[in-house]
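A, B, C, D, E and F are the chain letters, set down in written order, and residue numbers restart from 1 in every chain.
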């Protein structure tokens, strides 16, 4: 179960509110690279973790709980960036010292467009769980497969795209408070990338954990096709790289190349059934 | 641009059609662990790939094109498993030798439930691009961040959950043809896991590629918080592991632990504006 | 604006309630082939219809209003099929004369699975605007392009898939009341297919209405590629048919075939920008 | 920011695991009546709360934090109900003492259908953030309007449908542990209904808080149409009730009835523009 | 069944077409606070209404039918606001007297951005069933629980957020025709708030209708936890209010506070099964 | 199975990159009128095609494969239009010769809004599979009914709305390269409209193929209601046209009109069950 502290994990300050930047921050809340995703992903992985030790479950819950605080920070940042935003098309942004300065001469109408209306029409100047284009976050993006190693790679993927997004937001920021908040979040993403990869190391690294799942007896797979790069270009040219030669990373095979060609036949389906709603010509 | 061959990449044969297994196979077509996802993900990553070399773009397009053929194989497998499936509630499955045998005494009504109606009502006994519960695949699951290393980890995540799914389908299969098809697909997933990780190796491995993006000057992040595991449990207990001590995997820090506590203050938002549609008591 | 009559457009009677059939009927309410779709599609086409005459607008509103009554009939049919359905896992369906008979020896647990729980857990034994697998209807399926001829073909498509669905439901029905309701709905779908095609006839048929939009000067398109069937098979074989020879249906060209091959070059994108969050290796 | 305790808020015990009941519990996790919804709704309302006092914000965060613990309880209940569930179609449920007893003679195939595959194929026998039919929870269901009174009614709506669902799950349960867990959750829903209504009382009740938003000067609305029930039935019959006579609940008007009829005209839209992609006949 | 009148329920006039305002109006059509929602919600509640009297059903159908006319009014308002909108990036908005004046010096490019392209690219200058950001309305927002009191609170929630939206649109409007249309709609929302609350009054008000559902014997719930506010803040501070003391609104309890703490234990899940696709280390 | 050629099907050149036009092109990639839709629709129709001849299957696969190349062209066009787009709010668009010229004096902030952020924040200046407003493409738009004629009309609908969109994009384009690319795509859409209609001709045209499905014995439908236009207007006025008189297009009936009126009765549902979670007053 859970507790909260009214104070934020890290300071969130906005000197020059900017409703367009509020919009961009939404991507870090409700985008697929955002904080709702990692928070919920780690929770569901943790709540379903099975195995002889509870330490992975515990680790997941620790970090999921930390991420809750990140959603809170970003929601606060959005609300602060919407302070003094214009609420009507008539309102003169230029007449509002702060907004006018930020907008670089833009006017209220321009700003409202930039806000894409939802902060104005639906939330009363606050964050909502959608991305920067208003597409609501969809929980199908919570990856929790029941396989610990697969889940760790899902988490590395999430923290990698997450840190890329945070860097882009940092580069786009013009407010010192926002840069400060993001330089903290970027650091946490660094650690979280390291953290999930450390679990894979602990599970044996490339050689012990791969191929995922490692519980499937590898002799049951089509071993002749487990380490060859399939070339699908019509002219047969091959992009050479680490993946076309040398020992495989799991130490269990050797990379080769193979020119893709049909091993199967043209499929033959039965005719449509009389009662299946097809055209007569299909029967 | 693209060409096709009428023949399948690998043989797809179904000796004993089973409409419930057809349903399960849908997860490998339109589930988030499925083939539409990897196919489209690799294409969009390839089409947007930027950089001095085109070899990563080429590699991505080769494998994306291969995956198109996997969707085709699975769609064929679904259609073949639906041959002879009952189309009405009255139909006696038991009276149909093949279906009856597979169903183990089940009747048509039972089978129709297992099919969840859509194969019967919407497709006329064929595959459709949704998961095993009929939830349509949603292209927001195509991860293509513009950062090559982040994308590679997204791909490892996709192939890891994909191979886990393929193994579960293999374990659930009872038809020799289906087991044969899956033992090939499992092998291809093995290679694809190896392939994307090989790119990361080529990009410098843990030490060269991390933290992602490696183009952000690391001194700009909050370095004091880049390698410490945050403990969020109220009693302060820490799950110990590779992530709490020793050098970090990127070789740029040392794992430590830190008891999470508020560094920020309780946030203060301005009052609601008079024209913002709030209650009077909020103004 | 609108009025309603408490009575249904056509009688809806259910002699032997069947919760599994209730589930199947949901496809005709909230499936992409269903009645919410046609109702809302015709309304939005009508409300946005532009042109010198209002008769198409009027026709669309007449039929949209009729379709509202079809949603009502189906929602009623679902509720009636859920009468006496078991509400708990313990309940003995077999002990309930009507349900037991319908179920053919099935028990309450079996029936609840067939219902997929939502009629039990979310609606209290009533219809809801989702398909037979519980996927909610999504208004992106309302096609209203602003081009009258395109919209008419969208409507023919809707009524064609709609009548296919109604026929499948008719074939699956075992209750005389349900068959009677559906034999009426199938007839209405017949008319609606005829109706939208009649508009295209009135707009000039194949020769006057095509290519859609007919307002684009056809000399501006790449006329050399406007009537040739592109062959994409790697072996160059062509499926011959009405589309490979003879005058085109619009009377403005002649069908030919063409072996697809690249006319363009390999695309070259610029490198990633320094501030774009890519890996250093991409810059 | 947040902390967690490894222990659950309330005991969750399952004596007789039942994978079908696990499926039903998913509705309370990821259904629109479920716990993710209330948790996230209260958080976003709290994080965006504006006004002279922070007590509503604080109250919202307290209850949101409590609801996090409810998601955790339910996720645990799902995982426990999936213990010993069959993982293959061949597996004999009947041979497994516990499952066989629960299933009442059902077999593994039957159970797998009831599970709808996702617990088997996607999660490795654990909960996921979707409803009982696998439809992922969609954050558009988080209502946070920026108007405190509107939000409170959204919360009453959520807790009312939530308690209805919990009661249905209680009635469907057969396991003493599940009944115990739910009898606690039902009680919490009772309090939460009372809690949000208490805020409305504090804000002035029906007379002070209504119409929402109470900040809009009521003389600006069309006062002649603010308290009359519009009758839309074609025969003009009126369903009489508290809403057709007597003083309105806000004390600011008197309920009357009005026969709906057009006050507007038939709309006239301009013709389609030449460059708008319409048919020539629309221009 | 249904009838329509070509005339609108209330006049819709637009003197100065404004494509950006057209965009904002979309929220009232296809937003979760909009008219499609209330229309369909009342219909599905009505069609599924069970009970000894039909008057609630009748009332719901009357108001649902009225709301159909509101969708029509708004769709008309959108189409009228798009008259004379620029259709190409080259077009000079400033050269168009009407648009130029409205735009305050903006040009065609600016306006097209504000329109977010869909009115230009997808509809030919007409409304579509999506919100102001183009997110399609999703029928999962139709709440119809089968419990009359719960549904009434869902309706109050819908009309409260709906009136908040209408007020925001009124405040943002600059056209007299739009203000007139909205001042009518705001009045109707006032009545509809009153109407659904009147049903609750008729059902016994707070004391008779609560807790919802009132059909569950309250002695079966955990009565010790049915009227106490749970405090989840780590420092134990309590936000005091009507919800922490005094008799509960339903007259059946007394509000108290309780410091949230674990009553349960740390959950223990079984190990992963050998055939479940987990890593070996989890078994 | 499939092959690719690195070269594009048709040249894609962008002389003056325009990030706002990139945004508009997204509609042709991930909009419901776009290329992902037709590509996947033709594939799934082909993979599930049943009948005595494989030529329709072959034709579908040929064109589906062609459409893959169109997605590729458009994705390339988006990436090229994003070259030199501003990546930060501070960046001076006007200072960048190319962009500044295109923007007509706009600045970086303005451009970033027009891009709606996702090309900046999520993709690193590349295409993604969503429409011009960022709504991800949803595979429920893949229509494949199992009835060949119904599917052909779905395809005509797709190519009709697709060509309307392409024409709108052509009209909005200012770059010679983009106009060239689109004039090719518009021509292909012309052919594809002709192609699917040619199949219907081959299947018997209006008289042979209709009503769809033609496998349902027409004497089983309610023949009295199969060719009459239902008038739902309250005043009984009828919009006259080809659909109200003369022989029907299928040659099997005569168009007439009918004034819609109730043939059914007011529905009567049973009371709510005691254990169904309804209010007591409903039982």
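Criterion: a residue touches a chain if its C-beta (ideal position, glycine included) is under 8 Å from a C-beta of that chain, and two chains touch if they have at least 3 such contacts.
All of these numbers come straight from a predicted model, not from anything done at the bench.
If you take chain B and chain E together, the chains in touch with both are A, C, D, F. Farthest from chain F in terms of Cα centroid separation is D. Here B-F and A-E are compared, and the pair linked by more C-beta contacts is B-F. A rotation of 120 degrees, rounded to the nearest 5, superposes the Cα atoms of chain A on chain F. The centroid of the Cα atoms in chain E and the matching centroid in chain F are 28 Å apart. For the pair chain D and chain E, the distance between C-alpha centroids works out to 13 Å. Among all residues of chain E, those that touch two or more other chains are 1-9, 32-33, 47-48, 50, 54, 58, 61-62, 65-66, 69, 76, 79, 87-88, 110, 113, 116, 122, 124-126, 133-136, 138, 140, 145-147, 149, 164-165, 167-168, 171, 212-213, 215-216, 232-234, 260-262, 264, 266-267, 269-270, 272, 275-278.
Against chain A, in their complex, chain E makes its touches with residues 20-21, 23-24, 27, 31-33, 103-104, 106, 110, 113-114, 116, 131-135, 164-165, 168-169, 171-174, 232-235, 260-262, 264, 266-267, 269-272, 274, 276-283.
By the touch criterion stated above, chain D contacts chain F in their complex at residues 164-165, 167-168, 171, 234, 275-277. Across the complex, chain E is touched by residues 1-6, 47-52, 54, 87-90, 107, 109-110, 112-113, 116-118, 120-122, 124, 133-136, 145-149, 203, 209, 212-216 of chain A.
Residues of chain F that touch chain B in their complex: 1-9, 30, 36, 40, 43-44, 47-48, 50, 58, 61-62, 65-66, 68-69, 71-72, 75-76, 79, 122-130, 136-140, 142, 144-147. Chain D meets chain E in the complex at residues 3, 5-12, 32-33, 54-56, 58-59, 61-63, 65-66, 69, 73, 76, 79-80, 83-84, 87-88, 124-126, 135, 138, 140-141, 143, 145-147, 149-150, 153-154, 156-157, 160-161, 163-164, 167, 170, 183-184, 186-191, 193-195, 197-199, 201-202, 206, 210-213, 215-216, 218, 220-234, 237, 239-243, 248-250, 253, 255, 260-267, 269-270, 272-273, 275-278.
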